[in-house]
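Accompanying notes for the structure given below.
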Amino acid sequence: MPNRQISLRRQLTDYFFTGLAAGLSVVVVGALVAIFAYLVLRGAGALNWSFLTQTPKPVGEIGGGMANALVGSIMILGIASIFGVPLGVAAGVYLAEFGRNRLGQLVRFTADVLNGVPSIVMGLVAYGLVVVPQRHFSAFAGGVALAIMMVPTVARTTEEMLLLVPHAVREAAFGLGVPQWRTTLSVTLPTARAGIITGIMLAFARVAGETAPLMFTAFGNQFWSFSANQPIAALPLQIFTYAITPYDDWHRQAWAGALMLVILIVGTTTLVRFFFMRRMLGEAR
Amino acid sequence: MATAVEVRDLRAWFGKTEALHGINIAIESKHATAVIGPSGCGKSTFIRCLNRMHETNPEATAEGEVKIGGNDIYAMPAVDVRRRVGMVFQKPNPFPTMTIYDNVAAGLKLNGTRNRKTLDEVVERSLQQAALWDEVKDVLKKQSGASLSGGQQQRLCIARALAVNPEVMLMDEPASALDPISTAKIEDLIFELKQNLTIVIVTHNMQQASRVAEFTGFFLMGNLVEFDRTEKIFTNPSDKRTEDYITGRFG
Amino acid sequence: MGATPDRSVSISQPQASGQPVGPPPKDTMGTSESPKISLVTTSQRTPAWQRSLFNADNGFRGLMLIAALAILGIVGLIIAELMQRSAMAWHAFGMHFFFGSEWNPVSGGFGALPFIYGTIVSSLVALVIAVPLAVAVAVFVTEMCPKPLRKPISYATELLAAIPSVIYGLWAIFILVPLLRVYVDPWLMRYFSWTGLFAGPAYGIGMLAAGVVMAIMIIPIISSITREVLVVVPQPQREAALALGATRWEMIRMAVLRNARAGIMGAVILGLGRALGETMAVTMVIGNNPAIAKSLLAPGYTMASVIANEFNEATSDLHRSALIEIGLALFLVTIIVNILAGLMVWTVTRGTPARTNA
């Protein structure tokens, strides 16, 4: 019967495409595994105490570490957060509580567009705004570059989390005679706190791995620096600098730095997603 | 009179909950059989078992014997069952990205029919049978299936189901989302269709059942309480529960 | 401002003058626990001037507004900065800047065509590799795979997005490039050199390497948006296809993918937007050769890479200005592409909260 034959062909096609989709999914997951595997393989060996506590040795000498880069990253992120987080959260508050108008739409749209801008452009802007007038590279400039990147991200996630707070909660406060500003600060924000912190930490994790914006702002530094006004080392920058040199020992250290960076970023993202999300969903009930 | 669908001891589950508790029924060929009952009694579950749509829900299982035209539907691929048993859903669901023509031809193309002429013929015939041809014949390939009115969309779905020439047509409350005029058109359609086709129609509208179907089955809480000629069910039911439902004491 | 209704009709002082009224009437509620709520309205207590301008609500809203405007300000700053500092190069070369293929810092001739070419080609290679993979994962996870596998696979795909670009670059230099040089490139040269795309010595680095590593990086975003648009396809559409006797793949093709077409296109263009701006990983494996070559195995250069490599070593103000002009072009192109993509996805998902492109 012709029906039977067609049935078989269609059945085989079904199996084929199912298998294809499964196979390609394996490839994608495999890529992830490959990257992590090599990070551990190549990096774990060099990730030792001296790596975490020493500064880079002069070219050609074996040993040394990325301690200054670690500290530098923390400093830059700190500066970025001081500017980026309050501004981002405040913008998010505006969008959620007051932003159901044309201006709000424009700001929302702009924030989404900004999230897609290449980070190197942000670096160029911070260069023009900070490095040129000051005539030198600095941790501060790096912080500004990362802050510009954090603001739209934090604003949108803050807005999303605030919108999840049921309107009934706000109305309960209004009904008691609490003014709008007080309601937002003392009732709405604390209710959404877990989610907002999640959003901030995710933005944090995202900019922590950025290299390009730091290339013309923080610039990098072979030595210790604790000043916001001087060039400073940063973990991703250092990884990049080492990776493109011809020295094996520096390659080893680059892998170690990469492993550390990935652990910090992925660890933060995962922890934040699992624990805060769970708590937030539990609280919102 | 021949039996088109023979159901023996059909049980169905959603996860651990048993929705149908052993249904036995023999549906007459080339007649319309109505399935009535209050909400949640299992009528939709029942007909979805007849074309093995029930199992498309990952948590759903079914047991028992269902024979269509003498063939056990669990002994053949589900795909073949569904080709021979057509289904029309409660809310019209034409494919919005396809033209009217492509909607009707969809089932045919799946089965390998490529010939332009054959497709044209079948599309016209199906739309005629669904009483939609005159309204859409000029815009067959220009308008999308979703651009029609609700009643027209449902007739399009009927045409789509008819195009593959099924032996049995299942209708799950086909007119419940439509206005009275469209409902009347669909009921007229059923009158025409049942001359060549076995129809099983789920309805919560008892007047519709009595208008359209020769046989009626009354379902209650997953059981087939009574199954008989429609006049008997509505004028002189054997079971008290049926009588209570008919007279409006519940449901 | 929820004002409590004035229930005390015994107040005789005139309100119109705006003078504060006398002591509020005694609390008539009786129970010892009732709060001492004043039954005098706020508007009667606050002087008019204070009411209209300086109340805390307006102040708060104003502050938040400033923050929101800061976002608009950021875009303004970006455009202003880039335009101002690229003016020198713009005046020197005009439109010819984008069509000239000679990039020579020494002689002072700057044409950006090689970088535009490199950016486009590497992004296209990335898309060709990434789209089938990303869509396959999305289809597999939403339509095919058993429930317990769903979370792990989608989580693994999202994890790929969390890895910083520089680490992809590191992995690419030391793992991917040797792999390409030793196994893949010679194979491609042997069987596909008739296309003209795979010629020349196989260094490993080059357009193909950049495309491959970019592909891995954009798979997560294409996949997650595709997943979103697939999930939004109404269940009755799937049932309609199944009821006609379609196999599962036919159902997916006919009812799911067809309906989600526009959204998937949007996801792909979003991926393109991400690829265009990709800097570090590409810089590390593209080969840094400002020349236009047909072969994918040849080293090239992208807009983002040349900025990253040459900016700090720029030999002249003109050089720097030219690089910033490239930055401006990159900025404008990615904005346009992202807006386009956003529109396409929005028409399909209609108002689901926007995702950050992280």
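Letters A, B and C name the chains as they come in the text, with residue numbers starting at 1 for each one.
As a working rule, a contact is a pair of C-beta atoms (placed from the backbone, for glycine too) under 8 Å apart; a residue touches a chain by one contact, two chains touch by 3 or more.
Keep in mind that this is a model prediction, so the values were computed, not measured.
Asks: Connecting every touching chain pair, does the picture come out as line, ring, star, complete or other?
Replies: Contact map by chain: complete.
Asks: Count the C-beta pairs in contact for A-C and for B-C, then report the pair with the higher count.
Replies: More contacting C-beta pairs are found at A-C.
Asks: So, comparing C-alpha centroids, which chain is the farthest one from subunit C?
Replies: Result for the farthest chain: B.
Asks: Measure off the straight-line distance from the CA centroid of subunit A to the CA centroid of subunit B, and report it in whole Å.
Replies: 54
Asks: Give, as an integer number of Å, the spacing between the C-alpha centres of subunit C and subunit A.
Replies: Centre separation, subunit A to subunit C: 13 Å.
Asks: How many angstrom lie between the CA centroids of subunit B and subunit C, rounded to a whole number?
Replies: 47
Asks: What positions in subunit A touch 2 or more of the other chains?
Replies: Residues 10-11 of subunit A each touch two or more of the other chains.
Asks: At least two partner chains per residue is the criterion; list those residues in subunit C.
Replies: Where subunit C meets two or more other chains at a single residue, that happens at 247, 250.
Asks: Listing for subunit B: what residues touch at least two other chains?
Replies: Residue numbers touching two or more other chains: 79-80, 110-111.
Asks: Please name which positions on subunit C make contact with subunit B in the complex.
Replies: 147, 234, 236-247, 250, 254-255, 258-259, 261
Asks: Which residues of subunit A touch subunit B once you look at their complex with the stated criterion?
Replies: Answer in residue numbers: 3, 6-7, 10-11.
Asks: Could you pull out which subunit B residues touch subunit A in their complex?
Replies: 77, 79-80, 110-112
Asks: In the complex formed with subunit C, which residues of subunit A make contact?
Replies: So the residues of subunit A in touch with subunit C come to 10-11, 13-14, 16-18, 20-22, 24-25, 27-29, 31-32, 34-35, 38-39, 42, 86-91, 93-95, 97-99, 103-104, 106-108, 110-122, 124-125, 128-129, 148, 151-153, 155-157, 160, 163, 174-175, 177, 179-182, 184-185, 202-203, 205-206, 208-212, 215-216, 219, 236, 239-240, 243-244, 251, 254-255, 258, 261-262, 265-266, 269.
Asks: Within their complex, state which residues of subunit B touch subunit C.
Replies: 51, 53, 56, 58, 79-84, 86-87, 89, 91, 93-98, 106-107, 110-111, 157, 160-161, 164
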